[in-house]
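The chains carry the letters A, B, C and D, assigned in the order they are written, with residues numbered from 1 in each.
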Amino acid sequence: MSRQFTKLAYTSVDDFTYGSCPNPVTTKNGLVIGGGLIYPEVNFTLPPMNIRQETMPEVLRIYKDIIDGVLKKAHELHAPGLVVEFETLPDMTEHPEWGIEIHKLLRDTMFEYEAKYGLKSAMRMTPNDLREMSRPPVMRSGQYWEAMVKTFEGTARDGADILAIESTGGKEVNDEAIVNADLRTSIFALGCLASRDMKWLWTNISDIAKAHNAISGGDSACGFANTSMVLAEQGFIPKVYATVMRTITTPRALIAIENGAVGPGKDCAYENVYLKAITGTPIALEGKSAACAHFSPIGNIAASVADLWSNESVQQVKLLSGFAPVVSTEQLIYDCRLMNTAANKGQAKLMRDFLVESDCYLDPQAYILRPEIAFEIGNEIVKTQDPFIRTLNTAKLTLEILQRAVKNKELVLEERELNWLDILESQIEEIPEDEEAFIAEMKKEVDTSKYNPAEYGI
Amino acid sequence: MDFEELSLAVQKGKAKQVKELVNQGIEEGISIEKILNEGLISAMGIVGDNFKNNKIYVPEMLVAARAMSAGLAILEPLLTATGVKPIGKIVIGTVKGDLHDIGKNLVAMMMKGMGATIYDLGIDVPDIAFVEKAEEVGADIVCISALLTTTMPAIGDVIREFEKAGVRDKYRIMVGGAPVNQAFADSVGADAYTANASDAAENAKAFLLSKSNK
Amino acid sequence: MSRQFTKLAYTSVDDFTYGSCPNPVTTKNGLVIGGGLIYPEVNFTLPPMNIRQETMPEVLRIYKDIIDGVLKKAHELHAPGLVVEFETLPDMTEHPEWGIEIHKLLRDTMFEYEAKYGLKSAMRMTPNDLREMSRPPVMRSGQYWEAMVKTFEGTARDGADILAIESTGGKEVNDEAIVNADLRTSIFALGCLASRDMKWLWTNISDIAKAHNAISGGDSACGFANTSMVLAEQGFIPKVYATVMRTITTPRALIAIENGAVGPGKDCAYENVYLKAITGTPIALEGKSAACAHFSPIGNIAASVADLWSNESVQQVKLLSGFAPVVSTEQLIYDCRLMNTAANKGQAKLMRDFLVESDCYLDPQAYILRPEIAFEIGNEIVKTQDPFIRTLNTAKLTLEILQRAVKNKELVLEERELNWLDILESQIEEIPEDEEAFIAEMKKEVDTSKYNPAEYGI
Amino acid sequence: MDFEELSLAVQKGKAKQVKELVNQGIEEGISIEKILNEGLISAMGIVGDNFKNNKIYVPEMLVAARAMSAGLAILEPLLTATGVKPIGKIVIGTVKGDLHDIGKNLVAMMMKGMGATIYDLGIDVPDIAFVEKAEEVGADIVCISALLTTTMPAIGDVIREFEKAGVRDKYRIMVGGAPVNQAFADSVGADAYTANASDAAENAKAFLLSKSNK
């Protein structure tokens, strides 16, 4: 049964801080995420190599080396808890037995450290979304979907605590929209296509979670908003477009929670800030300590209301001190330790405000993550239950907020950015509020060799 | 003909006006090559500089590129008829197993903007397809892209296919993508690695110009 | 003329915080270190490669790539200032023309970014100490010393702002002492040998600085205390030995300041905490954001009174986001931005206390860096002007402080660590307070093929 | 003879008592080999285990190693006389240009503790010196250490000297040091890479035992 959100989970923005939330999540071994402490979440991947049946022994050895290094460092640094994310690479989901084997190796080692040292940890299992490998994508059937289901089921059976994904519904349409900074098409991709996919997808994921006593975690619009953030950071597309992309992924993500997800939301989903305000579920986020994975203008503010603090991903490469995943582990633990120290002294709000104010006036993508702004956007979203209208109105409100910030001199934007505020506004001002009409218009505009409307039920 | 007017129309992405001006130039008997070089390619040069100097973003470049393409579509049959060759032919694609195309598309767009003929194989390209297309069209440059560390080794596999076919030295092979670096490019025997799309286009242009000067 | 320190530079431990100090240092281009803001200090090095005349073009290209990436990121992230450290590799000091050429390339690029973007930066020039390459080391003459002088002079002439070094006087005796956790020999190495070398070395360095209008910065006992910290982190030697090594490097380091150094002290010199308390000079330190260079148990507390925040070093290797020096740059900038935000809100002491308390009870090496403890050790040191007595008494006091912390349950140590507290105490209880007598004893004990007493004037 | 007493004396680093007990055992006519294996080497095995299990530190190991050496010094002439060979001969050193010896010394100490004869070349060792010493003593294993990224390539240079001398396959070449990893070891053709001193000693011991069983 779907849940509905008609008001925010919080009544005061002062309570909206890191490490705690109204609806914490407890793992089977008692790790309470959002219960008062922020925990490190470590993610890692292979160095450059081919993944084939014959390289699997090498792959397994590398993952064993990684997890041993990560857990040993966490134990040595007295981490009160740890979340480990295993994000598969495409080959490992296409061959579910590989992903399942790697996951078991990781999870079993985590069980060993818990038994031996009392280090409480949880595994976030994130198969990638292979459905986009069909061109146009086949969303609800076929070999790729079946491989994903097998991966979710096998790993949940073997002890995965939290199920997550970076789903790609609508991405096949949005990829070209990103490089064109085409907000109208992005609204179609997120509000009409992705939203329909999320309901179907997360009903299924949540069913798998329930069947195996795992936690239905959350999704990320990584391929939409993070790709935009990275391209903006590289100077390819406007920052204000990336900023709107960040906020308009929220209605899509909310559908996961409406259909069974309970958190913690995934690290690269900065839209988690709005989701936490609306639903009170715990969230993972990434910022300065994920610079190993991507650069960003939101290094500190991203931590301000996080319940898990992540490095996003790093390869098993050697740095002067040791392997990069262990470096990330140490850095995340120190970040969390500092924030927990402040929280234990009753100063979580003050630390949150330091984190917010250090970034929020320097970049529109940081400005939009301010707690007060999160509440403003969250309140706009819960005014209606229609994903398309939520998406459209969030876009309009975001542009309005940015214009207001510039006018109030809270934000200084380059001239080309100011031009794009106007361009983006004009792109969407003629979008009809009737979704059917909008879909009819977009069906004429978007190349149907890129996507199949029937896969989204339109 | 006002080349300044044509150039500005390209820069602003006014495809309709570009087509009108190109047709007008043809009717006036202006050299096809001159319309191409001083109107279209010159404009894309300015667009590229504006991007490098942080005055515009990729979307503005794409809009300009589409306008340029509209004009180019009119000129190409006439260029072929008069025997004028493009600056060069470039085959480009993302390796097998890799679905990323944003960076590859940027490179293709910038290389097209400098006057090269682009054969875009898309994403998830089988190793041998690079060789087949290069041979089919008589390419000057082959660009191979990978965005994942796990698909990056496939760049080396593609290069080995060129070697196996005995045609490696017919082509300049350029590589790129997020996990790729100079050391990797050297290790697989690529001819060039660049860190971004602008450098890739400049690198290709320098090579093509020096090749045509031989 | 030598300076003397007979009392601390601070009267209240509440004023002892990051980003400010009683005696800030101003560079020629107006960067005020210790004047209210903490700045990032970025250090980097080559990936694995041979350095020869024929590879110098490649070396220069790599350094150019590094500095361009670092400065571009600093500009994009609105860093209010930046210190860049160029620490030579042995070949670059042995061939001074190479180090001088690399430095000029780096410094000139920094000048370009200042002119073009207003990014104020300063160069810390750190030739390595080649004198240990003679066996036994030749300290005051010869080809290695001459190469070091040429490197200092050439780079100071070309605009190096701050001159620094990780000097190695006494290290030839201390290396074996470290693996034996032989505190008695370490006191001889630091209090008797290194101290005599420091006076001579820093008089010379300060003269070179003065001649070229550069800043005589400071030294680091990296090869003594950081080597100990790293070996302790690896489980090779006792943490309590590494803790005492940290504190007893202070009297040696103080001699640099007595003989012309004005700061900022070097990043790997955690003894800077005591130096700042005593002298009021600004300091660089490294912690969690130097995990790329080495792991440590002092990731947050190291920042508590720092004026520059460093990554120690990282190679030019590619991470998923970009090159590692740029990753470090982004992380350091965010760390500093957070700390400066708190300071700008009048909350520097509160943030300092968060940083201190997050680490100080978890490891003896962190405990000993507490501000109150720094004042206690600093006050002990200024009771006398004799480096040997300062060193010996600092050792005794440190052991006493650790015993007290264990007794007061402020620190929990493993049993083997507790055993070593007793062992270390017994190692030094019979050291005579008369330096001449101690030197006579040690001359009989220490293998004279390892060191030449005449090189230290004993 | 009480081997337990001798073992404990080694473990506690009581060199004087070790010498007394070894001499006593010799006088009692105990097998030299038995004194070595069940008294000295067995003790160092316990010491190594205590280190691995975080019960003691390297200094305690070194003190024990010195006590063992005191006993070994008495036994070695007698071992030679009776034709008992050590478990193996190992040449070890830090490459040219590198002055770091802490890690190398730990490896040497642990390998000595398992009964091997160690030829320690020290630091800053010329490439050819590794070959000369290995040939001179008829080594089983050559251990090459580098602590700096800039001196790490010298490991490959040393291995090439063995190849140039045509004696590469006579020796098992093990490499290590802070910047070294498996991929680098593979790239220079080393036989083994280990991440720490304990693993190095275990790796060497396994090899030497399997070699002696042939």
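We adopt the following convention: a residue touches a chain if its C-beta (ideal position, glycine included) is under 8 Å from a C-beta of that chain, and two chains touch if they have at least 3 such contacts.
Please read these numbers as outputs of a predicted model, since none were measured by experiment.
**Q** Taking each chain's centre as the mean of its CA atoms, how far is subunit B from subunit C in angstrom?
**A** Their C-alpha centroids are separated by 51 Å.
**Q** Measure off the straight-line distance from the CA centroid of subunit A to the CA centroid of subunit B, and report it in whole Å.
**A** The computed centroid separation for subunit A versus subunit B comes out at 34 Å.
**Q** What whole-number Å value describes the gap between the mean CA coordinates of subunit B and subunit D?
**A** Centre-to-centre distance between subunit B and subunit D: 60 Å.
**Q** Send over the residues of subunit B in touch with two or more other chains.
**A** Those would be 149, 179.
**Q** What residues in subunit A touch two or more of the other chains?
**A** Those would be 45, 47, 315, 320.
**Q** Among line, ring, star, complete and other, which best matches the way these chains touch?
**A** Contact pattern: none of line, ring, star or complete.
**Q** Spell out all pairs of chains that touch, sorted by label.
**A** A-B, A-C, A-D, B-C, C-D
**Q** Considering the complex alone, what residue numbers of subunit C touch subunit D?
**A** That would be residues 45-51, 89-91, 132-133, 135, 175, 178-182, 227, 231, 234-238, 315, 414, 416, 420 of subunit C.
**Q** Going by the contact rule at the top, pick out the subunit C residues touching subunit A in the complex.
**A** Contact set of subunit C toward subunit A: 45, 73, 76-78, 233, 287-289, 291-295, 297, 299-300, 313-315, 317, 319-322, 324, 326-327, 330-331, 333-335, 337-338, 340-342, 345, 347, 350-351, 354-355, 357-359, 362.
**Q** Going by the contact rule set out above, which residues of subunit C touch subunit B in the complex?
**A** Going through subunit C, the ones touching subunit B are 47, 318, 320.
**Q** Which subunit D residues qualify as touching subunit A in the complex?
**A** Per the touch definition, subunit D meets subunit A at residues 149, 178-179, 181, 183.
**Q** Touching residues of subunit B toward subunit A in the complex: what are they?
**A** On the subunit B side, the touching residues are 54-59, 62-63, 97, 99, 101-102, 105-106, 124, 148-150, 152-154, 179, 184, 196.
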